[in-house]
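What follows is chain A paired twice: with chain B in the first complex and chain C in the second.
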Partner chain A sequence: MRGYLPDFDVRVPASLGEALELMAQAPGSYTPLAGGTDLMVVYNAGRLKPTHFLDLSRLAELRGTEEDATSLRFGALTTFTELRECRAVHQHFPNLVKSARATGALAIQNRGTLAGNIANASPAADTPPSLLAYGAELALVSPRGLRRVAYDQFHQGYKRLDMAADELLARIIVPKPLGRGFHYFRKVGTRQAQAISKTCLAAYARIEDGCVAELRIGLGSVAPAPVRARNAEAALLGKPLASLPVAAAREALLADMSPIDDIRATAHYRSVVTRNLLGQMLRELANA
Partner chain B sequence: MLTKNAAGVKARKRLCMTVNGRAVEIEIDIRESLLDVLRDRLQFTGVKQGCSVGECGACTVLLDGTPVNSCIYLATWAHGKAVVTIEGLAQDGKLTPVQEAFVDEGAIQCGFCTPGVVLSTTAMVDSGKCFTHDEVRRELSGHLCRCTGYQKIVDAAERALREADIAADEHPV
Partner chain C sequence: MIGASSIRKEGRAKVLGTAIYTDDKFMPGALHGLTVRSEVPRGILRAIHFGEGIPWEEFTCVTAEDIPGTNLVASVVDDQPFLIGIGEEITHSQQAVLLLAHPDKFLVEKARRAVRLEIEELPAVLDIQSSLDLQPLIYGTNNLLKEIRIAKGDPDPIWAQAAHVIEGEYRTGAQEQMYIEPNAMLSVVEPRDGLLQVTVWGSLQCPYYVHGALRQLFGLPEKQVRVVAMEMGGAFGGKEDYPSVNGGHAALLAWKSGKPVRLIYDREEDLACTTKRHPSRTRLRTAFDAEGNLLALEADFILDGGAYATLSPVVLSRGAVHAASVYRCPHVRIHARAVATNTPPPGAFRGFGAPQSLFAMERHMDVCARKLGLDAVELRRKNFLHMGDTMATGQVIREDLDLAGLMDQALAAIGYRDKRAAFALTNPGDGPIKRGVGFSVFMHGCGFTGNGESHVASVAGVEGLADGTVAVLAASTEMGQGKNTVFAQIVAEALQLPVELVDTAPVDTDHVPNSGPTVASRSTMMVGRILEDAAIGFKLALVQQGFLVEPYTPESFQAAVVKAVATLGTLRCYGQYHRPPNIQWDDVTYQGDAYPTYSWACYAAEVAVDLDTFEVKVADFVAVQEVGRVVNPTLAAGQIEGGVAQGIGWGLWEEVTMQRGRMINNQMTNYIIPTSVDLPRIQVVFLENAHAGGPGGAKGIGELPMDGPAPAVVNALENALGALRLDEVPMTPDRLLERCEEVSHG
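Entry: the complex of A and B
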């Protein structure tokens, strides 16, 4: 038996409209609850503050994946297992499949959601680097309507998000890469399953005429939030695959990171290994 | 605004689900996890509590056929769903082929991880899919075992999958 049950109650709105109304009535007092794989851990650890949970599980509006010619639009409640098993994701976004596979283990993937992974705002989350690499956008919904935010503008610092107290994350929109693409994802943890990343690097490049025509690199666990490696990207953009400036890019990557020492790794380790991941990514890109 | 009282109300709810095929109706505190309810109220003690944070897999149950960690799953979410615990596998004392495979391969030592890992293997077999060696390892990677060193568990799972495959060939649907 539990010795301690912190105070919380759970509201289970049956529609998105009802959910938004509840949030508008008392902004900031509801905590959205999706798969619970982050929140229930906090709860079981006895660190949950009294709250009202807003259980999203019945909101059909936040489920499902829509595909059109230019993008895939994932409902907030899309699970890692659904990502892993979606053909269009395999076809267009191999990094997202790898992110989903690298998250926890099977039972976590069955419950954990894409929006939960983003909104939990952990710098070590494993889908954000891939979403950054693919130039994703978020659709946020509130009583004031729908709003779109470029995902690389969404994280504003450690656990600080461009999301108001009465807003919900509704959809994650990922544009389909056009042309000849190169995809890279690698997470480094203590073991392959059930390990929080020590560092993580995802990249997408479009290759044209033997050169890097477009490039986005997303990093996890090396800054207060998931970040784009804009300095490294700049060093590589437009360069021919035959002579990529590897040393300069590795050097530039230093300015993209602000790693810290914590229980999982030292700042030094993170800095060295992330640069090594970039090196590996560039070796693969050179042969792409 | 929220008052301490509002949140402090001991909210209770009637939970209706099936456990191992039997209908169960029980009044619960909405703050209870499915693990709390199955183990402490319904005495399905085959559902083990290890880490309580979703890491070890000891508390795994099948929910509408899908493995979940019952320790981080609110009991109210199981409303209207079919739950299977390890107690639900053997019928009249006869083990399922998955359980037999675990016995035959010597994949059980202290037995603490066994209910969870057998249920995850059962879900794999029931999915009817084929799994490579690496995929089997990945599917079971959410289960910690302090005794067997995992090899025999993987052997047992692969044996169960192989035998199910042969059985399916013999009795095509």
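Entry: the complex of A and C
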């Protein structure tokens, strides 16, 4: 371990109220700790700045999944395993199941949380593309109260979030799709399991009268943060399944991405393969 | 016994978690050691600055000036210092400059970061071509760590006469062994009876290599140095030469501090600084007659040897000898060079140079078949070595070798013909998935190259214990391959005892003789043969001295041993390697019997390529090999499956990404080894063919499976995708995309 342990300490609040109070007293000096599957990697490598961990694990307020007629509301501490095991998630959000299944391995899925996956703000995280595709909303909590923000407005740049220093991510709210839906998710990692995404594309479309009535596409690993493919969406919206403008959509997708060369893939690979994923998604959509 | 799948001797302790690995060893008061490294690829060390905020007076610090003996790691060539001193030249980015130890393992890491090295940077050589171009000169007079020439006949007149001359260039990348247990050492240096006694416990393959290195480092006689091999979590060659370096470092810290010192690498450090497989570049030129008979072969085989010679001379030698592969060819010229670069020195890795040159030749044969308009199977069939043929070194094949039979069996098992026909119909379709099937035929020389065995003259023995059981005395180490079990089986077979009555003595240089390093697929075949002799001698001694009467039962044997030990005190019998008279080798001309024998194989792979993502899935794999007698079928199949997995990894994913001479993907997240999901079913077939040399007819198998997968997989890729420039491994998705675009863009 390359982290210097004496530089760190852990506070374990017993309630959400206590947690928020601590954060309000010294904004910015606490680092929320959920499953630790991102934080411990950075700590182990000696790249985590000295901090006070705020352990969220006792906060019952942040656990559990609630379902009502129009949405599913996931507590921040919902794990990947819980997503995989939840019947309603299978029923309404198959892409989220696929995201969870494609994340790390079982041990990571048991500990890693949905809020951690979002708040860690990695462009390569695997649930954000699905959450973008389903039009998720986030509920943030602070001593000032509860605030809701559309998830596609939450990422503001590389590791920049619409989240104040005294705020915690409390809930992830995902509206249930209505009507005849089409779901597509594909992660291209460095290998078939235990891999970080080189690119990832999730899509949800509502089909009405043989046309694309509603469409959201979420992309991972091709921009400084998870992004909606708004240009590609615009090229496809309202179009009949029988004659989807595939070439135009692929072209439009270029404007949605700003991929880089890194240790896992070249920008060129990301650009080509993401367009191919869109192509595959459209082949499936055409047959839906 | 021999031929039975006896259960792994140390398996129970491993499964129960009671096996003691180096870091588990209880050692009260041990300090934690760490190494401060240069971080620049080349330069002159001007000063070491100890930063603020660290209680330096509590630390043990070792620099080059402290070294009591010789500051050179004992190896094939003694060119590598343990530590670089002020004013000396740093030659790679992971060069050790300073050693630190402290009781607090967190503080020692903090201290490491507080050290600042003042280095005057010099221009560095970071690849093969710059080294060949002497841009700049960094090693000796020509940047060569070793050069070898092998000649048979004279290819020169052939090129003009031949119907076809085909050239190709092939490259292979570095590969990390990725043993689960990173390199680890524990050392105590203390006076005993007025003499300094250096002891090292470690995760190491070759106790006597480390022993030799410590003697030279401290300038001590044999008796004052002791090396103990602990339980080991894998090695694959990665703990063959490197332990001489970190073993020395641990001992230096223990000596200076007067306390036990642990030097346990974490994964990042292990990946960044320890040895890897040598990157290679091979240029081949082959001449064929109109029917496809191979007339001449020229190979220019180059390994990137890094900053010091380490084992490069011997890795190069094995690679050079394997460069002509399994083909009969009257005129051969092989020019092999290991070049110096300012990168951390590569070293031993399963296959030891052979996977590199065999990849080139087995890819080249497929390329030749395409260019000649011949079937890859038939081209090989025409040119295989047979009994009575001579190899490139002039070695005569003395066994009844049937490579065509081996190949046909592998091809039948994977359904080669049917699949080729089916894929020819399906691949032209619109779908993104393209399928292919390919294969490679190859051999692996068993034991050391050339006179290696004669030089080492290994000794191994058996000992009778007070409880009547028998212990194997050998410095060969268990790294998961099954040495403990196989040695026990060989001795049990020779003594006609159940295998439960034989076990392995701890591998401790104070107690076991030098049976040579645990490398080169040599332990079962070479050491096993010596043990067979020793066991028979042991039994004869018991009989001759009247303790044992033949025929005997296990019970009466055990009783005889109990009595003999009680009467004589100790009861040991040793055997030693003797060169068989029909094996001749000339180190200067590289002519003769490069190996006492070879294992032979044909591997076939089916791949599915996704042209949306350029991901390659190996869908099916068949490994057929002739390895003499199989001593333990379960362990042997495990060796093959593991080697195939490692070979596929090398072929498709495992890439050491370097930046300014440093590995930057030195984490398991970014250095991509295959998981079980990435691998196919691996069908393993052994063809047995008793060879007189090894115990019960066994040959070596440990390295063989590393040689064949990469060319088989890449040949299958060519079948799936057509004639792309598939000349390099790993053929990662990014690289495959590039190669596809070369074709589509013309």
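Just so it is clear, the second predicted complex is superposed on the first by the 283 of 288 C-alpha atoms of A that agree within 3 Å, B and C clash if a C-alpha of one lies under 4 Å from a C-alpha of the other, contacts with A are read in each partner's own complex, and residues count from 1 in each chain.
Following the convention adopted for this analysis, a contact is a pair of C-beta atoms (placed from the backbone, for glycine too) under 8 Å apart; a residue touches a chain by one contact, two chains touch by 3 or more.
For clarity, every value in this text was computed on a predicted model and none was experimentally measured.
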Touching partner for A:276 - first (chain B), second (chain C), both, neither: second
A:45 touches, of chain B and chain C: first, second, both or neither? both
Contacts of A:266 with chain B and chain C, given as first, second, both or neither: second
Which superposed partner A:111 touches (first chain B, second chain C, both, neither): first
Partner chain in contact with A:193 - chain B first, chain C second, else both or neither: both
Partner chain in contact with A:57 - chain B first, chain C second, else both or neither: first
Touched partner set for A:5, first chain B, second chain C, both or neither: both
Which superposed partner A:29 touches (first chain B, second chain C, both, neither): first
Touching both chain B and chain C, residues of chain A: 1-2, 5-6, 45, 192-194
Residues of chain C that touch chain A when the two form their complex: 105-107, 109-110, 113, 266, 268, 432, 611-615, 617, 653, 657, 664-665, 667, 669-670, 672, 674-678, 733-734, 737
Of chain A, residues touching chain C in the complex: 1-6, 45-46, 188, 190-196, 198, 263-266, 268-269, 272-273, 276-277, 279-280
Parts of chain A lying in touch with chain B, wherever the complex brings them together: 1-2, 5-10, 12, 26, 29, 36-37, 40-41, 44-45, 50-52, 57, 101, 104-108, 110-111, 192-194
Partner chain A, residues of chain B touching it in the complex: 1-2, 4, 6-9, 11, 29-33, 36, 40, 52-55, 57, 60, 66-69, 71-74, 76-77, 120, 138-143
